[in-house]
Structures are given as C-alpha cells and as structure tokens.
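Common to both upcoming complexes is chain A, partnered first by chain B, then by chain C.
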Partner chain A sequence: MPEVRLVGVSKRFGEVVAVDHVDLEIGDGEYFSLLGPSGCGKTTTLRIIAGLVQPDEGEVYIDGRLVNDVPPEDRNVGFVFQHFEIFPFMTVFDNVAYPLRLVGTPEPEIEERVWKVLDMVELRYAADRYPRDLSAPELQKCGIARALVKGSKLLLLDEPLGALDPEVKKKFREMLRGLVKEHGLTAVHVTHDQEEAMAISDRIAIMRRGRIIQVGSPMELYLRPKTIFVANFMGETNFLEAIVVSSSEEGSELRLRGGIPVKVEASYPEIGTRVILAVREEALKTSKEPFDANSIEGRAVSSAFLGRFFRHRVELVNGEFIKVREPSASSRPYRRGERVYVYFPPSKILLYPYPPDLMDELSLT
Partner chain B sequence: MRCVSMPEVKVVNLWKSFGRRAVLKGVNLEVEDGEYFVIVGPTGSGKTTLLMILAGILKPDRGEIYFDGELVNDVPPEDRRVGLVLEKFALFPHYTVMENLLYGPVVRGEDLGRALNVAKEMLRMVLLEDRPDAMPTELSGGMKQRVALARALTAGARLLLLDEPLGALDARIRTSLRYDLVSMVKDMGLTAIHVTNSIEEAMEIADRMAVMRDGVIEQVGTPMEVYENPANIFVADFMSELNVFNAEVVSTGDGWTELRTEEGFTLRCSKGPLEKGMKVLAAVRAEDVDLEHGLGHGVNAVPSRVVDVEFILGFYRYVLDVDGRTLVAEEFSDRRVFKQGDEVTAKFRQDKILLFKQGRGVRVE
Partner chain C sequence: MSLVVKVEKRLSQGPMPAVGKALTLAFFIIIVLSPILYVFFQVFSNWGEVYRWVFADPFYSKIGLGALRFGMIREALIRSFEIAGLVTLIDVIVGLPMALIMARYEFRGKRFVDTLIDLPLAVPTAALGFSLYLFWGTADGIGGLLGIGRGLFSRGPILVILTHVAFTYPYIVRSLKAVIESIDRSYEYVARTLGAPGFTVFRTVTAPLMKEGLVAGAILSFTRSLGETGATLIVCGAFETAPVLIVSWRRMLLIPPTAFLSMVLIATACALLVVLKFFARRVGFPIRKVWPGFERRLSGRAQRTLRDVATYVFFIVVVLIPSCFTFLYMSRWWAGSPYTGARELGVFYQVFLAGDRKYLTLVWSLLTSLAVASISTLVNLLAGIPMAYHLARGGWRRLKDVIDSLVDFPLMIPSSALGFATFLFWGPRGLGVAGPGFWLITLTHIAFTYPYIVRPLVAVFESVDPGLEEAARTMGAPPLTVFRTVTLQVVKPGILATAIMAFTRSLSETGATLVVMGFARTVPVLIVQWVESLALQAASFACVVLIVISYLLLFTARRLVGGE
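Then we have the complex of A and B:
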C-alpha cells in the first residue's frame, strides 16, 4: 500500500492555478523529491499532504486512509521548514519537546522521546543550548528532531537545505538520506536544486506550472527526459535546431543549421521535419582533430576551470554556441579563437519534435 | 592621466569589528582594472563586510582603501562611482523598471535628459530595452537581477560590487545566468568584485579569486592556481571534497615519500625528500580516487565496501567504508559500475596526494 497517494489534486489561489490535477504515488520507505522552479506548485503540493492547505479538488491518502478532512496534527506527519522555525527563547531540548507538551504528554515519556530523536540526528550534545549558539546545520537538525518527536514515519521537508552553505549541503543531505533509510521513514522533499534532488532521492517528480511533467529515478530523468523542459532543467543541455534527412532502424541523419550533417542512433520516421536535438554538455567531447564525421568544427570562446571539470564554450561553424563539460584529467583549456572539433556521440543525442513555442519550452520557469 | 599598471582597487591592512567580534583581521587585496574578481568563503567569513566597506556603507576601524590610487576612506558612498548589486535586487516595487533606473540620478539632481539616455542604453545592454514600463512584479528573477545591474550602471559606475547577485534565484537559473552576467560586465569593460559562498560559481566566473575564512584572506589566485596549489587544508577542503588522513613519514627520497596513516594504510606521494617521522595530513580529492572490483590492498590501495551511491549530472559519487572510516570517490561516467555492498579497492593517484602540516594545516612545500 502506498504511503502517500494524491488523486486529481488541484488548488487555486485567486486566478492562479497553483496545483493542477496532480496524481502521485509515493511508496512506503521511499525518499521522494518534488523538483521544479519557483512557483511550480511543489510547496503547495507538500502543504496539501501536510494538511496545511486544503485542496479545491481531489483526494489525499496517507497509509491508505483518506485524510482530506483530517487536521494536520492528526495526520501523523512531521514537517521541516527551510528557515528552521525554531523558538529562539527555548533550548534545543524544549524546542524538540514542544509538540509533545502541546498535547500534554507525560514528562517521563517526553524525556524518553526527545532523547531518542536527538540521538537520531546526533544532537544530544546540544540539548541545553539556545538557538543563537547553534550553527545552521544544527538548527536544521533541531527542526528535524522536532518533526520526528511524535513518532511520525512520514517526513515532509520544504527546502530543508535551502539555508545551508553549499559546502555544508553535501554532508547534510547524506545525513538526511541516511536517517530516513536507517529508520524506515518515508520522505517527501521539496527543492529547486536538481543536483540536490538527484543525490538524495529514490524518485523525483518534476513539476512545472502546477503540473507533474515526469516522475522517475534520477537516472531515468537524466537519460530519458520526456520533454525539452525536463532535459533543460536536469543539468546543462545544448539544444540545436535540425532537420531529419533520413531515418531507419539503425538511426537517423540530420542536418543542423548551415547544412552540417549529424548522425544519431535514435530513429525518427518523420523525414523532412524540423526537430530539436538535445545533447548534454558532459556527453560532448572536444579534440584538436576530428574523430569522424560527427565531429563539428568550431572556435573556442572560453574555457572555465571548475576543478574536476573544464567547461568549454565553443562557437560552431554555423554560428551556434554550445557548451562542453569534460573531466579536467582528460581536457585542457583552449585559447579564445582556437580551432576545436566537438564530437557528438550518436548514442547520447535525444530528439524532440519542434515545439509550438520553443522559447517557452526553454524557459526555466 | 591614470597609470596603466595601477590597480583599480587596493585595500591595505583592513580591520573591522562589530562589538567584540572581529570580522576583518588585516585584509590586503589588489584588484586590477577590468578584472572580474570573486571573493568566496563560507557564511560569516567577512566577505560581505569587506564589500560594504568598499562601497562606503561601512567604515573600517583601521586600514586604507584606494580606488585608482586615490585614498577613498573619507569619500561618501555616492561619490565613489561604484554600483552595488545585492542578492535581493532591492528594486522599488511600486516604480517601473525605468523609474528604478532613474531614481539615483533624480535624487542627486542630475540632468534628466542625459540620465534617460544612459538608462536606455543600459537597458539595451541587459537585453531589457522592450520592458522600461514593466513593474518589478511582472519580471522573472533573472530579469530583476538584470534591472538591478542596469540600475547600478546607470549611476555611471566603473566598479561593480556584487553581493550574492544570483543568490535569490533557482539553482538551475543561477547556473545558466552567471555566464551571461560576467559576459555582460566584461563587454562593458567594467571592473567587478563579486561575493559568493559558492565555490562552483566562483570558479566558473572569476579571473582571480580570494578565498576568505574568519576575517582573513587565505589565498588569492586564478581558479586553477588555487585549486591545484591550495595554500592550506582549509582552502583545499573548501575547493573540493577531500579524504583526509593523519599520517607519518616512514621513508622518503628525491621526489617520493612513503607515509603510514593512523588506520595503517601505506601512501606514496610524489613529494620529497621530507623529514622522516614528520606528522602530516595527507589528502586525496574524491575525483582522484579510482575504484576497482575486489578487495586489493597495498601502496595507495585500500580494500573497502560501497555503502552509498549517488548519481549527479554526469558522475557517480560513491561513499565507501573501510573498517568504520568513510572514504568518498567520484567516477565520471553515466554507467554505474559499482553498487551498494560491492567490495572494491580504492586507489589513490600518487601524483595527486596533497600534504599539509599538522596544526595550522599549511601545505607542505
């Protein structure tokens, strides 16, 4: 039985449709993320699961039980906020104990439960400290402990890493995923950061404008993005306009702008139609000499050294600009204007029908 | 006439405290004319305070600030010809884009006709020439950020000071806009000082960067210089994900040193001769750890078990366990070679092992 199920859930705020007919199933024990740009409806969806927002339409099930009319405090969910929402005038212990005291839990039981969740997030040492003496990660651990103290197995996290420094995030997300997996919890995590979602999730739902565009494992979304928007949102992708010249079981031949031929493995039966060719920046390879006919000539615009990678920007002979990311161990910086060939691996190229509004598909909102 | 070789911005021995907390502790800095300079460091390192002192909004306790060779300590902010761009854009919400741009010149009583021409030109540069009458609420985050930039430039700034200018944007928009931002600033021939807590952002856009910690500049250089030759373990750890070992020199010679870690691993690096018996911190970046199937061990090779696997945009990140100690390895591939529970050998690349002195963590030369 799925832990969380949404059926046809919609929510309007005035004229704005924040959540538009969302169907979703999140399995027991799953680490699930809602990923999308600001304003896509991911936080509203999370708040609907929590019971903090009432949907206009649709049903919300938790553990098989219809909870539309169940108030938040009776849904047995723990909610974690981006900005911690910790009371500044209480110690860590008292902050974590707060939800229990609110419902009149006996003190001995409070003691036992608070210490247990403080151990789960490794914050026992800070029990007597006040929030002003805590670092950002410690504050968020306190928020997570408080969310878990009533024994909730379902953790709802709204941008839980949003207020942390980038370097701290990596360790924190590892801790968070470990916590959920080790204690058999289910997590629904809202974020706009695709790298964070990929690293932490079993599955991800990509949302845009109130709708779910695609659901899948990080790898599925990465390898088989259903739309141009998803391909663009999940990392840096190059998009080029092309015409299909021929196509068979073995693959297709395309022409880019300027008549440049490119072979791809995907078949695309509609000969003569305009398509969008998508290829990830890390799938391309640069070289001084062409590999084969799928190497396209260009001139280097810039090479940024990113530590593990170089990111090269190249202007192809047809005037289109593309970016290529290569491991620094097997690459080098190019001088501006230096001639360089960019190899398009046929197996890594995705094709999409030319959309009615390309600029809109490519916008990141 | 100004001297060509004179740095645009020079800061000498700058100190600043808030109450008893010293935020800047003797900062020295030189930024060249036309340079895109990035100050990067964790929250609380003093980078924003430094920027606010350059803008004239905060006064230093001690030290000198020169613009173009001229001491500006006592020059008020409005006479420094700097443009300040902040994380939250700080646009006036009830004014149109054009009114936002003209606010400064109007308040200062400048010639309105001239200011209007400059404002139009700046809107053209930031690709918003068709939106002078838009209200800020109608604009996307990226557009607002460009308006903030145009406003800073309309005031006639030659030096741009940017405090987390992309910080309020979605992660994905942030990565796509930073290149555009820098290209725009460079095309206009401006000097920029950009503050961020993201090392990834710093590396992609900086001509040179300063890594700050605790009120002190730890290192200045191009991204490649700082990455490849970190001055100390803090900088190395900030720039990349490290595996760090407490180790002792057991034998050494010309261009090689053998170390024994406290876990009992044998490491061999391409540095030497060093002092025998010397205690060091040996560090290996995650991307410099190669994995092989099977439990091999020996010099620079450690038998371990895969505990967690993350796939992040073109590479796999493996968390490994060696008798309770954690190691991290990254492999550039979109095929997963190892899975949770696999027994693997973690091999460290000999020429990539970094050594630091115990204590303050200064790099071993």
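Then we have the complex of A and C:
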C-alpha cells in the first residue's frame, strides 16, 4: 500500500535551494496537499517523488521501498500535469491506452480498461477526438484518466486545476477527491490556492522557501497557525504591531501603536517585547458604540458589498488600517469617515514574535 | 512488457546513453570538424613547400614575380569580400521592403508571391548562374529584348553581383520576414498614437526591435555570397573570387597553394564573422532625432505605393525572370536555332540525337547526384538527430555553447574550401581513405549538409514541450521509448522537411563537388562543364531537369511544414 516518506530531501538548482531538508510522511489512502506561494519548492518536491527530479540529498521511500535510484517509469505513479501534456498526435483513447500498450497489455483488455477509466471521468463521448478539439476541462479529464488507467495507487497532481476556470475547478475538486477515496488511492496534490487545498485535502503541508513550515489538517492550520507566515497564507488576516505590557495564565495585555490597550487570552511571557498581533478579518466585529474595552475607535474608509459579506476597511485612531469581514445579514455599509468601533475578541487573537525578515511579505496596512 | 520497450529500456540504462553520446560527438568531430582543422595542419607541416609555391615560386622569381600567387590570393580575397559586402548592402535595401510587404500586408495571391520569392532556392546555384548568364550576358536574353544584338553585361563583376543578389534574395527576405513577424506590433501602435508617422515608427521603433535579426540576416547574406562557387564559376570570367580560385587551382593540381588559400579563406571568414557578431550588439540606430516634415512626407500613401512598386519591379526584373530564364531559353531553342532554324543547334538534337549522347551522361550524373544526396541526408539524419536532441535538451552540459557554435562551422566556410579540406583529409595526401570520386563526394556532402540538418532540428526539438516527455515517463516509458513514441511523433513533419532541405542542398552543391570529384560527376558539375564547353543548349536542359526536381522537393517540404 502506498505511503510516501521523504527523509532530509534537498535539491539545489545552481544557487537556488529549491527544496531544503524536507521530511514528510504521507499515509496510505491520504489526500495530501503541498501548499505554498510560487517558487516555494512544492512542485520540485512532487517531481522528486515522481522521479522526474533527482534530489541532491535525502531519501525517498514509496511503499517502504527506497526509490532514489528508481527511474520515473518504474515508480508506478500516476502524474497529472498542470498543462495536461496530452499527446497531440493521438486520440483521447490512444492517450489513455498509452501506458497499457507500453507494457504489452492485450488489446481486448486495453479496450476494457480504457473505457472504464473514461467512464470514471465522464469522457467516453470524446474517445476518438484529438486533443486540439478538446476544451481545457476535457483535456484534464483525459490527463486524469491516463494517470489512473495503469492502476497506480499513488496519484501525483501538479497544480491540476491551475489552468481551469474557477467554476470548473470546484467540480474537479469533488471529482478528484471522490476518485481518490473511492479507489483507495494516495494523492499528493500541489497547489498555491489555499481554498482549493482546504477543500480537497485530509492534510496539508505548507511550504516556504524550500522548507515545510507546518503540516496539519485544514482546520488545524486555519485555527492554530504555528507561524505568522501560515497565518498569513491561510485566510485573510490583519497584522498589527504591539508591545506586551503584562502577561499571566489568564491572558496578556498589549499596547498597539499610539498606546491603545488590547486584552488577549493568549499568554506571552516576554514582557516588554515587540510582537505581531494577528486576527482574522471575520473574527472582528464593527459597531456604532463601543462593545467593551477591547473595542477600538476608528473611521470607516470603505465598505464593499460582496454578496454574502461586507468587507469594511477602517482606519483606527492610531492611523493603522484594518479589514473586517462581516456577514451581510448582521452588518451594514458605512459612509466614508463615519465613526466605527472595531471589537477585538480576546479569544481569537494570536500572538507571534516580531519577525523583522517577514515584514515586507505581510500586509501591515 | 513488449519486446521493443524491453530493448529500449536496456539501451536507456547503464553506460549505453553515454556511449551513444560519445558516438554522436565522435562523428561530428571526425567527419565535420577534422577536415577543416586538418588544412591548417597540412599547411604548417608542409610550410616549406607552401612557401615556395605561394611566396617564392622559382619559375616566376626569374621575372621578379616570386610572390605572384600570393598576389592572386590577395586580389581574390579582396574581390570576394567586396562583392559580399556590396551584395549584403543591396540585399538589405531591397529585401527589407519586400519582407515588410510579406509580413504585414494581406492580399490575394500572397501565398503565390511567397513561393515565387523562394524560387531561387529551388534553382541549384550552377543552374542559377547559367540562367543569369543567359539573361544578362547573351543575345537571347535582355540584350535581344532591347535590340542590342548581344548581352548587356559580359562575364565579370557586375554579373557576379547580379547573380549573388538573386541567389541571396530569398535568404534575406525570409529571415527578415520572420524577424518582422516576431515583433510585437503593439509598440508600433503606441508610437502611432503618440504621433509618429509610419516611416518614423519604422525607423525609431521597428528597426531597433529587429536589429539583431537584421544583423543575423545580413550575416547570412554575407556568408552565402562569400562562399558561393557554382554560379560564380559560370558568370565570373576572369574576375575570379576566392572560392572560384580554389576550384581553378585545384583543377590545375596546384595543391600546396590551394591548401594555403583554403586555409586563409577559412580563417578570414571565421574571424570576420566573429568580429561581425561581436560588433553587431554595439550597432545603434539614430533614434533620438526626428525630422517631422520630411518623415511625414515619406510616410505618405504615394510614397508607400512607390516603394511597393519599386520592390516588386526589382524582384521581378532582377530576381525572378533572370532566375527562371533557362526555361524560356530552352523552349526557344528546343527544336532548333531560333535565328537560323538549324535543327542541329536545338536542345533536343544536342541532348538526344548528337553523337556524344549527352542524355546518357545526364542520366548517369543524375543518378550520382541522387545517390550522394540520399546517402548524405540519411547519414546526417542518423548522426544529427541525437546531436540536435542533446543540444536542444542541454545534454552536453558545459560543452553546449562550444558545440553549438562549432556545428555552424561548415556554414561559414565557402564550400569549395570545405571540399578541398575534405579532399586533403580523406584523400591520398591525408588519411588515404578515399581518392577523388563518388565516396569523397559523399563524404564532402555529409560534412557540409551536417549543419543544414542539425541547426533546424535543434529548433524543432526545442519546440517539443518537455512536459509531454515527462508525462510519458511517469506512465512507464523508459527514455528511449519516450523518444520514439512521443518526441519523434511530434517532430516527424519537421524532420522530414529538414531532410528534404538538406537533400536539395546536396543536390545543388557545385563548388565542393568540383574540388573532390574524379570521374563521377553530379548534375551541377555537369552544367558547369557543359557551359564551359559552350554546350549551352544541353546545359539548359540539364538545368531545367535539376530545377524541376528541386522545386518538387521544396514544394513537398513546404507542404509538410505548412500542413501541420
């Protein structure tokens, strides 16, 4: 049964360290995602698992077997490409039959198996067409069928939905997860789309600059991001600079810029240090009157109506800007310049040490 | 696992790929590079002999002309470079507007004009030279039309320039057209909206954008002209360019000075190209200054029309008609002399009825030509496909840049010098593998068509999406199977078209063949010989045969490329 294990895997391209000592364990039957911004090394990691890239260091195990010296054609994986890579000179049927013909499968069996996977991705009707006559979703269905036909239990997907329209993406997410779960496959899915990763995965690894920052279920990552980078990547988060004034078991007291006091439930033992306060946009609440001491006065800058949500931008009295997302049912648009109080719920505020090297990546406005 | 895949898997493993690469490289070094380098070795190892022949000939020393041959070499080189420079200048001036028309205008029959422009490519150079000589230099051509009763120009510099312009015209137009097509037009639209008239846009925006392509095109023309032998032989008379001088001296068996001349020609051609490429990056266009009134007037509708008409007229009068004039000549002389009606002077009689049975010679030469072209194309495909694939996929690692520029080496060298180099290397004075004759001709053709196979194939392989190959590997195909079942399938038409182009090149080659042949002769050589023996009617027939074959081949190649 396929489980994938990477031990201390590194890959350098010239000066660039694409993958930096990555350790990873992906369990049998798991839908696992590698998530991160472009250039973080997630695709290289996937290609190392497939054998398309040789790691400089480290070991790759598939099914408990060391596969470092096994060429990609012998790893028995299914690989789905972002740009489909459907052979242009073959029909859909022949594309899907390709892996079977390589191993000399008898034609009647090829027939049977190809039709079966084509049905699985609902592409039977296009079997005799050439790739140039297919739409992007059809091409990717063909790509998925081709990766599945051999019966590989390990499915590697490199941004498989990257070249598809948003509406189509959502359908594909369900289809992919369904196929993987139904046939007991293990999937490793590379994406830079946080929502996609959360919707499709059992577990997600967040990568940054070749390293894995945090691994966990979508909920863990969303609710308890270990680092400020993860907090920033998983969802829309406000970041504010603050100083710790006091801290105990029950919680801490902070001062924002301009000396504004804020109470939080998290404790932070290093009194007097600079920290970053992180709070999700949807955790904040706006009101006309202060809610309690954790409500901070500000003036509305803009209110955007997004259907199910309002997105308010507020300038706090200390001149910092903050974004608040509220359900349309329990909010209303504010006029520009209107006085607003923003409530910071103490239980929803996360504190991180001040990271000088990360500041330019975070939007602190 | 199917048997073929098993074999391919075995061949993709262990030391096999490295062995294949080594063989590819070895072929290139031995067949293509070594002869060229061997010339230098020959000259320096026999320097005493060479010196005597070139600088201190005992015979001519008596009359104070010991360095007579060196003087001839100098003269010939100067001529060659002057001609090449002038031809390149004319090419750029007349080729640019034609390239613009072909790249930018849409009109009915554009495809037809496009084929017409390529027509001189289908005319083997010896046939081209003959055709131009008939048109400009005989009473049957333009002279007769103007009622002069003799040719307009006799053999010499003007005819050489006219021939080279006609010969290089398709090269420059095609390369400039490709460059212009690759330019993003939005820059031009921006310049227009900012108030620049058409001509100013071209000068200040389009021209700087196409600078590198323009220089590359010019270099192409220059090398073509510098190395042209077959046509020049026919039209130059006493005005011998360096490649022609190689042929003449080789025929007189003056081997040491020919070796010296070949070496000098190879060295100067290469040095000049390196210098040109180096300076090309520094050339700038004067784009700061604008002459609004003048340039606006140049951009007018009437001026544009005038430019287009002049371009077409030049093309028709200087390139198209002279290149195809053989057909006209042959049809007029087919049954007999158009002047006296004498049947014995007609093409038909001369070729098929006369006692020397020229048609047999022609058939025999044609067979030789086809055999040489087939063998050299096939061999080069075998050796060139792996070479091109590795070049395109970075297979040579650090050696890549070196090999990449060395592959073009034979393109830069005049073919008669290359032929002579091959003769020295393989012939009795070198390895002694092959004396002048069929196999030496074949070896020479393999050497000079090598870049014609490899260069386009590199581009062809580069156009293959590596993702397709990776996809095949993840599905279980070993590298060699991937290459056979995916890569080759994608590039099949490209390879076929490239092969046909190389085949046509080989079919029309004259200069090198003249230098290495024994009794076996190819059709272009036959044409040169028949022209020299003033058997013009028979020569015209041979030309037409060769042109028709070449044209059909090129037409097929074009369909293959365009069809996909």
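The rule we apply is simple: the second predicted complex is superposed on the first by the 355 of 365 C-alpha atoms of A that agree within 3 Å, B and C clash if a C-alpha of one lies under 4 Å from a C-alpha of the other, contacts with A are read in each partner's own complex, and residues count from 1 in each chain.
In this section, contacts are C-beta pairs under 8 Å (C-beta built on N, C-alpha and C of every residue); 3 or more make two chains touch, one makes a residue touch a chain.
Since the model is a prediction, treat every value here as computed from it, not as a measurement.
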Chain B versus chain C as contact partner of A:Tyr98, first or second or both or neither: second
First (chain B), second (chain C), both or neither touched by A:Arg65: neither
Contacts of A:Val77 with chain B and chain C, given as first, second, both or neither: second
Which superposed partner A:Lys288 touches (first chain B, second chain C, both, neither): neither
First, second, both or neither for A:His183, with chain B first and chain C second: neither
Chain B versus chain C as contact partner of A:Arg336, first or second or both or neither: neither
Contact breadth on chain A, by residue count: chain C or chain B: B
Interface residues, chain A side, partner chain C - complex: 50-52, 71-79, 81, 83, 85, 87-90, 98-99, 101-104, 143, 146-147, 150, 156
Chain A residues within the chain B interface of the complex: 37-38, 136, 165-168, 170, 174, 177-178, 192-196, 198-200, 218-219, 222-223, 233-236, 280, 282-283, 304-308, 311, 313, 325, 327, 329, 333, 364-365
Touching residues on chain B, where the partner in the complex is chain A: 42-43, 140-141, 170-173, 175-176, 179, 197-200, 203-205, 222-224, 227, 238-241, 285, 287, 308, 310-315, 317, 319, 330, 332, 334, 336
Residues of chain C that touch chain A when the two form their complex: 1-3, 5, 9, 465, 467-468, 470-479, 481, 485-486, 489-490
